[in-house]
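In the part that follows, the structures are each spelled out as structure tokens.
Two complexes follow with subunit A in common, the first pairing it with subunit B and the second with subunit C.
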Partner chain A sequence: MIKWWKIVLFVWIGVFSALGIMTPIAGGLSDLAIFAEVGDTRLIPVAMKIADHDLTEQEDGTFLVAGEDKYGDDAMFVLPEKPAGFSEAEGYLLDARYDKENHRVVAAEILGDYPGWSFPYIPGLGERAKIIFFHVPMSWMTVIAFLVSMWFGIKYLRKKNLIDDAKSAYAAGLGLLFCILATVTGSVWAQFNWGTFWNWDPRETSIFVLLLIYGAYFTLRSAIEVDEKRARLSAVYSILAFVTVPFFIFIMPRILPGLHPGSADDVNAGPVVSSGGMDAGMRVILYSMLLGCIVLFGWLMSIQMRVFRITQKQEADDIAAAEAIS
Partner chain B sequence: MTLPLPKQLARESRTMYEFLEQNSLFVVLTIVLIIWAGLFFYLLRIDKRVAKLEDKS
Partner chain C sequence: MALAVKPASALFQKDVRSELRTRYTLNALLMFVVISISVVLFSVAGETLQPEITIGMLWIVMFFSAMSGMSRTFVAEEEKGTTMTLQLLASPSSIYAGKLLFNLLLIVCLNAVIVVLFLLTMEKFAISQPGLFWLVILLGGFGIASATTIIAAIIAKARTKGTLFPVLSFPILLPLIMAGISATKTAVMGTTWEAAIPDLQLLVSYIVVVITTSFLLFDYVWKD
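Coming up: the complex of A and B.
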């Protein structure tokens, strides 16, 4: 029988992924003003609430309407066409830029209705900001998995039980998987945000070193034949390896200037999560995804351990059978 | 609430790369796909271990 929490986990991750991906990104007047100030004419998505259902047709065929943005700042908006159902509409999501001379928000396109729920527009990121719901839980899971690996390493050294060694090894394996996924997803994102897959940003350098450190853990394990010796050495190694993790994940990339959000010279976000500068909705989805990933990690660990226990029992049975014959 | 997705799909692009550059949401979708591929790979490895067990018993 399928346990109920597995269904909940599936629905949980599905719902929060969908919310993270599908929630529209909408900026306000302040975002438009930043680009207008420097003469950047790019279009950005802006949520506009209609203040007065009175359209004024202009000479060039566009329509002028009074409204406010999602933060409550008033402005005049120029719509490219008269939308159907205008008199009942609450507002629109526009692709717009700011006209500094006439103090108007000029929409090039109406993308949809006013979104009741939206994420803020982050200059330079746009839709790509949504990577935070997938990439960041992966890197946090890396830390958690390596921490679990160290925990069972210590437990093995105290109790000398090979099951703890297996737990330590599987946690490190999952940690390595999460670490690789964080690296690859970050690299794909970097291609579109920074223009290159890899540019030795402090964050990229530190995760690369981390991959090498934990790659060496598995090299060490595969090099030793005797179970007890392998368990003891890898337990000690996992403790030593985890000592470096906080430094590479939390400290080094934050005290050095770099391109990754949260670097020392990041004016947009600072250390993204801890500063409290993140949108409340985004934070809820991020933490929910992290929780889902933690449960998923526990589930994968338990599957591996069930297989391990059966394997161990089989081997013990084989030995007992061999002894009975002799 | 309508989503801006269909209009984004319509944005002109000639190559796959250009498409991804202009429709950033699909970069995020690619990333989700990579994560699924990683988990699927892990699933395959567990499957292999279970198959080994089955062979023995």
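Coming up: the complex of A and C.
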């Protein structure tokens, strides 16, 4: 029987992933002005609301229309063609730049209708800003899984129950999975945004250290045969790693200059921690994705624990059967 | 949990005495240091290196010499079969304290030899602030010894002892190594020693945190 919350989880992650990917990025006049100020003629997506349904055809075949951007600033917009259904349209999403001499927003292309819901345009990122909905929850899960693994390690040392050790190992396994995903997504993204796959930015160093620790943890586990001894020593190692690692994850990326948001040379402590640093809609999707990832982590843990219990029961049954025969 | 000074110092003296009699670790370590420095010298082949690279080389030699020598303390007890006797004779904290003292002594001697050899062989390697430089080397050595002592105790119970040691040590030691390299750079190239204060604070707090955690966790590692 499928439990209802599993369906909810699937829908939850699906809906918020789709929202994160599909929502258009749209800037305003202030974003256009930033580039116009330095003479950059690149096109950025701009949402335009028609203020006056009156098109003026100009000499070069373009059309002039009065409108306002998504933040309510008025401007004159130049459209490349007369759009179909103009009289009923609310507005358009344009690929545009700002013409400083004539004080006009010149659109090269009409991308679509006016988006009722959009993310702000972030200079230097554009569409690439959407990685935050996937990469950041994965990176957080890497650390949370490590914390869970250490928590069950401590619990094992106190209670000496091998189930806690299994939980610790499975949490570390899932943490390693999230760690690899975060590293790969971040690295591919860095190639397109920063020009290289790897820069040794402080946060890249920290995820690399986490990878090393997960690797060392599993190497240690594979090197010890006795269950109790393995549980004890790997718990000790994960605690030891956890007291030294916060330096990499929480301190170093904030005191050193780097490429990630929230570095020492950044304007604030990063979009997630500082208030007002991030668009409300993006924030809601990011936290929803994080919540989805945490529940997914718990579900995967419970599946693995069920497999563990069934395997244990199977072994016990086998031993009992063998004893019955002899 | 009780930490008694007497068994700890007795264990320390026993380790020093047995090391001086056999000189197994000392000889092996000395040869390791000579070999690794000569590899560095062969690759450099008379060229003047930038100070950053020399400092990197110095820390590489220091890290891997420690990796080849520090694990002996507990592995030797395990190999000789004296672990049980030790467990009967002294509390885990005393054992840890004794072993930590021995490792501290060993790494201070080791680092002194490495640095002196580096200074003798790299003629262009000038240090602007010798006092700070030696302090950083001393603190770095203490840090390496404090973290590797408990890891040595862990790997003594595992199967593949030699290869496992650097694998487990490196991620734990990374904050120390990074702060150490940064402070060494300040000592070699910087003009004021104040610039190294954050790194020195980090080195000291690392040592305190790791030794405290080790004392708390050693019980679980030591008792079979």
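Note that in this section the second predicted complex is superposed on the first by the 305 of 326 C-alpha atoms of A that agree within 3 Å, B and C clash if a C-alpha of one lies under 4 Å from a C-alpha of the other, contacts with A are read in each partner's own complex, and residues count from 1 in each chain.
Assume contacts are C-beta pairs under 8 Å (C-beta built on N, C-alpha and C of every residue); 3 or more make two chains touch, one makes a residue touch a chain.
Computed from a prediction, not measured in an experiment: that's the story for all the values here.
Superposition of the two structures on subunit A shows subunit C fitting alongside subunit B with no clash. When the two structures are aligned on the shared chain, A:Lys70 is found in touch with neither subunit B nor subunit C.
Contact with neither subunit B nor subunit C is seen for A:Arg97 once the two complexes are overlaid on the shared chain.
After overlaying the two complexes on the shared chain, residue contacts for A:Glu225 are found with subunit C alone; subunit B is out of touch. Of the two partner chains, neither subunit B nor subunit C is touched by A:Arg203.
When the two complexes are overlaid on their common chain A, residue A:Thr244 makes contact with subunit C while staying clear of subunit B. Geometry note, superposition on chain A: angle between subunit B and subunit C about the Cα centre of subunit A is 100 degrees, to the nearest 10. In the overlay built on the shared chain, the residue A:Arg254 is in contact with neither subunit B nor subunit C.
Contacts of A:Lys167 after superposition on the shared chain: neither subunit B nor subunit C is touched. Minimum Cα-Cα distance between subunit B and subunit C in the superposed model: 24 Å.
Per the touch definition, subunit C reaches subunit A in the complex via residues 147, 150-151, 154-155, 157-160, 164, 167-168, 170-172, 174-175, 202, 206, 209-210, 213-214, 217, 220-221, 224. Interface residues of subunit A facing subunit C in the complex, by the touch rule stated above, are 157, 209, 212-213, 215-216, 219-220, 223-225, 229, 232-233, 235-237, 239-241, 243-245, 247-248, 252.
Those residues of subunit A that touch subunit B in the shared complex are 17, 21-22, 24, 45, 93, 109, 111-113, 115-117, 126-128, 130-131, 134-135, 138, 174, 177, 180-181, 184-185, 188-189, 192, 296, 300, 303-304, 307, 310-311, 314.
Looking at the complex, you find that subunit B touches subunit A at residues 1-5, 7, 20-21, 23-25, 27-32, 34-35, 38-39, 41-42, 46, 49-50, 53, 56-57.
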